[in-house]
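Note that the chains are named A, B, C and D in the order they appear, and that numbering of residues resets to 1 at the start of each chain.
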Amino acid sequence: MVNSLLTSDEIAKHNSAASCWVIIHGKAYDVTDFLPEHPGGSKIILKYAGKDATEEFDPIHPPDTLDKYLDRSKHMGEVDMSTVTVEAKAVDPLESERQENIKNKPALEQCYNLLDFEAVAKRVMKKTAWAYYSSGADDEITLRENHSAFHRIWFRPKVLVDVEKIDMSTTMLGAKVSIPFYVTATALGKLGHHEGEVVLTRAAAKHNVVQMIPTLASCAFDEIVDAREDTQVQWLQLYVNKNRAITKGIVEHAERRGCKALFITVDAPQLGRREKDMRVKFDDNGTSVQSTSGEALDRSQGAARAISSFIDPSLSWKDIPWFRTITKMKIVLKGVQRVEDVIKACEVGVDGVVLSNHGGRQLDTAPSGIEILAATMPVLKEKGLDKKLEIFIDGGIRRASDIVKALCLGAKGVGIGRPFLYAMSAYGLPGVDRAMQLLKDEMEMNMRLIGAPAIADLNDTMVDTRAVALHSTPIEDALSLGAYDPLIAPAFRSKL
Amino acid sequence: MVNSLLTSDEIAKHNSAASCWVIIHGKAYDVTDFLPEHPGGSKIILKYAGKDATEEFDPIHPPDTLDKYLDRSKHMGEVDMSTVTVEAKAVDPLESERQENIKNKPALEQCYNLLDFEAVAKRVMKKTAWAYYSSGADDEITLRENHSAFHRIWFRPKVLVDVEKIDMSTTMLGAKVSIPFYVTATALGKLGHHEGEVVLTRAAAKHNVVQMIPTLASCAFDEIVDAREDTQVQWLQLYVNKNRAITKGIVEHAERRGCKALFITVDAPQLGRREKDMRVKFDDNGTSVQSTSGEALDRSQGAARAISSFIDPSLSWKDIPWFRTITKMKIVLKGVQRVEDVIKACEVGVDGVVLSNHGGRQLDTAPSGIEILAATMPVLKEKGLDKKLEIFIDGGIRRASDIVKALCLGAKGVGIGRPFLYAMSAYGLPGVDRAMQLLKDEMEMNMRLIGAPAIADLNDTMVDTRAVALHSTPIEDALSLGAYDPLIAPAFRSKL
Amino acid sequence: MVNSLLTSDEIAKHNSAASCWVIIHGKAYDVTDFLPEHPGGSKIILKYAGKDATEEFDPIHPPDTLDKYLDRSKHMGEVDMSTVTVEAKAVDPLESERQENIKNKPALEQCYNLLDFEAVAKRVMKKTAWAYYSSGADDEITLRENHSAFHRIWFRPKVLVDVEKIDMSTTMLGAKVSIPFYVTATALGKLGHHEGEVVLTRAAAKHNVVQMIPTLASCAFDEIVDAREDTQVQWLQLYVNKNRAITKGIVEHAERRGCKALFITVDAPQLGRREKDMRVKFDDNGTSVQSTSGEALDRSQGAARAISSFIDPSLSWKDIPWFRTITKMKIVLKGVQRVEDVIKACEVGVDGVVLSNHGGRQLDTAPSGIEILAATMPVLKEKGLDKKLEIFIDGGIRRASDIVKALCLGAKGVGIGRPFLYAMSAYGLPGVDRAMQLLKDEMEMNMRLIGAPAIADLNDTMVDTRAVALHSTPIEDALSLGAYDPLIAPAFRSKL
Amino acid sequence: MVNSLLTSDEIAKHNSAASCWVIIHGKAYDVTDFLPEHPGGSKIILKYAGKDATEEFDPIHPPDTLDKYLDRSKHMGEVDMSTVTVEAKAVDPLESERQENIKNKPALEQCYNLLDFEAVAKRVMKKTAWAYYSSGADDEITLRENHSAFHRIWFRPKVLVDVEKIDMSTTMLGAKVSIPFYVTATALGKLGHHEGEVVLTRAAAKHNVVQMIPTLASCAFDEIVDAREDTQVQWLQLYVNKNRAITKGIVEHAERRGCKALFITVDAPQLGRREKDMRVKFDDNGTSVQSTSGEALDRSQGAARAISSFIDPSLSWKDIPWFRTITKMKIVLKGVQRVEDVIKACEVGVDGVVLSNHGGRQLDTAPSGIEILAATMPVLKEKGLDKKLEIFIDGGIRRASDIVKALCLGAKGVGIGRPFLYAMSAYGLPGVDRAMQLLKDEMEMNMRLIGAPAIADLNDTMVDTRAVALHSTPIEDALSLGAYDPLIAPAFRSKL
């Protein structure tokens, strides 16, 4: 069968909701029937109807998406890309500035801490990508509180301890790791780097830390697993699908592919409103793509909402035992936020919990993981439950001193997400590598300075948590302040 | 009878305190005898003596004012408006800028939360109107504390609760509502929108929430009631008049017209000093209209003071039973500020109280409603009084998370005032509609994320109020800071 | 006897430390022998040796100074002022700007609160005068804390109290006053207004409040007493002289002249370092007048230090009974700062204490009067001492709400100093008049809004003082912040 | 023997790692074999291979370094400096600005407090020197908290105490001193002043205070001792060397030379990361001297790290008794940070401890010495240990009021470091002299104003420490804030 290539002209005819074709990676697809089902709304596809949509498609969709979800009959064949002219885009001054920034970005060696990568990433990332990664829910109070809370915990260092040899290795859910942090799951890695999550896989391998694979990765799950080195440990983060058969498939596949633990996300029955993400989206489109009220509200809520519509909001405690029946992996609940629920987790028999507010992206003014930890451990100890499961926290960790504080308060380890995304977005793998090395350097120093040669030496007498619940570190409420006119003194008459 | 039209020239003769006529909506009125009685002072009328005063008159006075309060003999007849030349006003640069702003205002869909409307309103409203709406008492500490207080209350969310279906409907004083907020009473709606309070009536109808009708509305009471849809519920906010016969008339009329509850304002025996309002007033007049001291102080205190001179400062607990004798409506005390008075309210047998400081417009450094609520409910529960009446709060609510906090702490609902005025001022009815829809979207999300599928599931274990009374969120004292010179380092000699 | 006038030329010959004459108000004085004794140092006099020193002399010295302290033999006679040419001063750009400001200053009616006067005064006062009035000790933390502390005290208002009639009159030390504040003693009134303290006397008379006459007034004591109206009450503030005979003379004279109470300053055994005052002084002189270290330190410390060298630092509790033997006036200790000393004051039998830190001008990080009051009254009540003496506070009062808080907490009244100086400096008597009237207006409103028709109705259930000792309102440490370089992110290479 | 001078040309041949000579103070040295051992890395030496390195060498190395550590065979002889041409440096705009600043710096008399010297030093010091002195660990939270903590301690002054005569003299470890502070040890004094630590020796002598000699001085130990006056007391600060023989030698030599006490640093088993110092270093080199990751991290950590590689991180409690066997000097542990370790110090029998976090340069978010002191003394008193040893604090002292607070809380004295370095860097010996005199002036005033004529009169009833552990004074987290984008209101369309 002669399978001649499609030309740009042919595809351009299918440029409407009546017949909508798009080009992705040199192949044409008929997505007409799929339009109403697209979780991100039909408008964003129609924008590319009859055209090449690869650039927009890539960071949001794992490469196997079309094969998985679009019937083969709609795969219209290869396109003669020489017939496709790249549309001249209007010069975007922000984009020119970004390209300038990329050219002039600081040398990697000038990044001395994790926040430095964030400062660089902010200026070299696309604004939509930056908005997606950096945004939090509502007023972003929890987003900022997550890190701020660590500054309200003060050390009580021991001196004159022999700290010549520092051993920061430990175990998490049975895995031996070189330092007590893991790369936590974050969505859409390709927004920051064209290779996506596999960059994190490689860095985690090099530093012997665990990577948690996100459900909403830009890379396909198998790509990420394939990038794993022999002894490397990976866990799976799971958004539970309304269709449990799909969930079962994902879990079983992950176990088969060697994942060692299943982190069930429990803090996201619905994804939070991240207005920064929404706002940049709007600006991007130039015009109001969401003009009719009801629909508008659903559509304007950024990438995250769109890609998460499958998540089951009815997931409840009674569903947890079922997971034990479908997997032998360790099971951890990710996103627990009160001691009562940690106790329930003990009762239901899971292997661990992550005290987390989802990076400040869900319920604003939810407290930080570290504050919940400080409130939780004394209760667990009193009830004799502190050895029943492993407790992790994530959110706001930027310094090894933050890790030390969590461990002093009883955490087994901490998850770090955004900082590695920023390091990857700014400098690729070498960035993530350096970020992890910096944490190790800081960790070694901190353990020396607090007088704890090994992880087991960290304990709760080494921290003073009295101020943590006072919330005395103020977090600016930029929207309120912006809308408010400060009082002014009487005006002097101005000169002519 | 031939009733020939009056001409501009004839009216212009009556341009002094000796004989003062003004044109309002094409009719002439002789207000000479009324001058000394005008609550806003005579000067403001004399400014328009012999001229058309419609533009200034409208937002401050309900349309039936002249019919009600000025004897028919003083209605001098219709004016031939073709003889009235519109005075060329000096170009006001602020007004030009405002007109520019109106032209360039963001699309409605770019408003993602209630504070966004406020930011837009600030730039598109007349400065006098903005000053009247946005101002608070004295240093505006309470004004800002009202919202800030919510940020000192932290959530304790439940996870793994089935939150597929969220039911945010509830009842308030027997009325079934779709979400636990009501449109609280605010004065002078026409300052923000030429149609005034009826815009709020329509939005409330659409979203099935209660509207509280203000005594000091720009629209006539009956206009607002006439705008009501069949099943819609309205309440009446009441400033009690020194003349109880007038009060009786108002209450009986409201009940007859179908109002379901009477909210007696108890926090305003005298209206607060709102200096922003006073300051903008002064600037507006250009010259010092209040040059002699005693009188000056009374006259310079903005619109609110003027229109409120009828309020009875002697109103006391012993007056409350009388209201029971004149109406079958539910009776609620609006503006209660300490638990002792809530207990008194129980004893006197009213149906509810609003814990409120009048939007920060009365006594500065009075605490927020939410803080009073947190202090009040434990006492009421201990005394077994918590079911005796319904407790509402208002002040500072900008997010559905604020509503959730109030309900967790025992409030039956919350009143929202300014945000809807701002939405109306910036975008009219569609603005208020979107503001309410945004609150519903946020509310649904928040209830999911806190793990409460229905209003009844919200309880006080879901919030951490330990920090609320610490007042650790600093509120800038702009006047003090402005008058203060920070210390400086020794000066270097400057180069030539 | 023919007493021919002196000429400028004759005087100009005496232009050195060897022979130093100066002209004051048209008369020549030989101050050669007095140079080493001048409390302000000899250099400042030598600057005017052989010239007219009136302008510099006046605000610092009461008019009877030369008659009192310079032997008649050194009064060299009248000068023919027509021979004295006014020196052309270099144009000082700051002074030109100040003259501009005076011309364009806001109308008095635009001042709506006490802080408004301060904002105006800052721009219309000479910089040396502003520095003297506005400065505080060291980092000026206490200076600012004095007002800030009031913002950490929150009201608990009563509603439904009949507040038609408000009676804010009370008594202090037996004097009936119209409102519970008094004009407290402040030095060097002529720095702000050429007439000095008598302006305050007149305003106090008009508003029926007490004036406390300062030891360090610019006007002579008798001038201030002479300005008193018949029924007006004055008190005397006393710095106790090392020479008790002088002190005795002052006290007896004051009693004879009708002063009703004696306020002995106990917080100033040495005057505090006010660096703003010192800094402006240095700039003023242009060159370093204090180049040799030891002496330099004494001389560079501003006007206040110089004029206070007579104060007795050995004054102690055992000296207090002696005052009872020399006067029948009420005796009050001004500047008490801890409850233990209030109890001692009870024991030693004085009539009252002022809880005060001297307007933040003495010991920095001393607490505010209002905080001391909140800590003191419960202890006094427990010991049954709360009726034994009258307690006043001063420092930081800017609003009637501050007065109300003090009275709720048990103060009999409050002293107000700087605000009246600023009102006087900016607008003269009408300024002080308006400032007092504004306080009365605010007071009436506040008493209505808190539900207290009379002073006796104010009590400690009406305030919430839980936050006052937490010091959660941060006070900027400008010198530290200025010297500190914030951390920065890695630098991008800049473009050419 | 004719010892002809070396020429520039000869030396220039040895310009590589294969053969590396450098000129220091006119002599040539062959450092080829030493390159791999240089604590600061070989790259920094190679930069000067074949050239004159004196300027870079001097501030970092005591003058006896080469004699002590480089074999005589590598001392290649004197250089004919007339053959050495000074390399023309590129004009550094920052350096020109600095030279301008030096020319225009304020008169010494314009410095009224210790922070003034810091503000001047910041502008007149080399940026590398400023970075080394002023930097702290990580986010510099502890660095700033050290001073900030004093502002959360409030005075409770006594009045009516006879304070005519103030005696601020006291004893520390048996030494009689004129005021209870000592000059604490700080490294690399020549970075700020070409004469280095001897400047501090002379100032300490003049003011009769103790100087603690640093291990890492720029001057040789003997130079500093030689500068001592007869009755002057010096102490030795000791970093314990891995090679105890070296340590023994240092201690015995110090005792022989008359040092009276040995302060063993216990808070620096590893030096902290001071990123400001690292960052300025990087900029200085222009290119990335640390390009390969592993090594890079060690080498980029500033001067302090390099010079401290000999410090023994295994030093522990069991090593302390050995010091008693090698010296009769008093022994003090410098850098204790929790009450448990103070108790251990009592048990091990040392003479004192310094509660210190090493000037905020080690473990960030370690608490301030003053906070530790406030927590420690009550425990010691309860256990009857408060007289067993002398307690000192250092860190953040900028005012005599800070000293007074420490003494009220039980400290025997306080160490002051950076402020004297800044005074020295800005104004040399006269600067340090004035700084000390200012502290004395402040101290006299403070003791008068708090009502304590002698050191023994200071006690813990004179301070209110309730707020100190609340940490309500916020410390800005510049890196986080810089990386964060505040939320913004909807954008208005901009005009063309």
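Criterion: a residue touches a chain if its C-beta (ideal position, glycine included) is under 8 Å from a C-beta of that chain, and two chains touch if they have at least 3 such contacts.
As the structure is a computational prediction, the values presented were derived from the model and not from experiment.
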Farthest chain relative to chain C (centres taken as mean CA coordinates): A
Task: Between C-D and A-C, flag the pair that has more C-beta pairs in contact.
output: C-D
Message: Quick check: superposing chain A onto chain B on C-alpha atoms, how many degrees is the rotation, to the nearest 5?
response: 90
- prompt: Matching B-C on over half of contact pairs, by residue number: which of A-C, A-B or B-D?
  reply: A-B
Type of chain A:chain D copy interface by residue overlap (half), same or different: different
- prompt: Using the average of all C-alpha atoms in each chain as its centre, how far is it in Å between chain C and chain D?
  reply: 43
- prompt: Taking each chain's centre as its mean C-alpha position, how far apart are chain A and chain C in Å?
  reply: 60
Task: Could you list which residues of chain C touch at least two other chains?
output: 107, 110, 112, 115-116, 119, 139, 275, 279, 470, 472, 474, 479, 482-483, 489-491
- line: chain D contacts chain C in the complex at 107, 109-110, 112-113, 115-116, 118-119, 122, 134, 139-140, 144, 147-148, 150-164, 275-276, 279, 283, 398-399, 401, 433-434, 437-438, 441-442, 444-446, 448-450, 461, 464, 466-467, 470, 472-474, 476, 478-479, 482-483
- line: Interface with chain D, chain C side, in the complex: residues 138-139, 141, 266-267, 269-270, 272-273, 275, 278-279, 282, 288, 290-291, 293, 296-297, 300, 312-317, 319-320, 333, 335-338, 340-341, 344, 362-367, 469-472, 474-475, 477, 479-480, 482-491
Query: In the complex of these two chains, what residues of chain C are touching chain A?
result: 100-101, 104-107, 110-112, 115-116, 119-120, 123, 472, 489-495
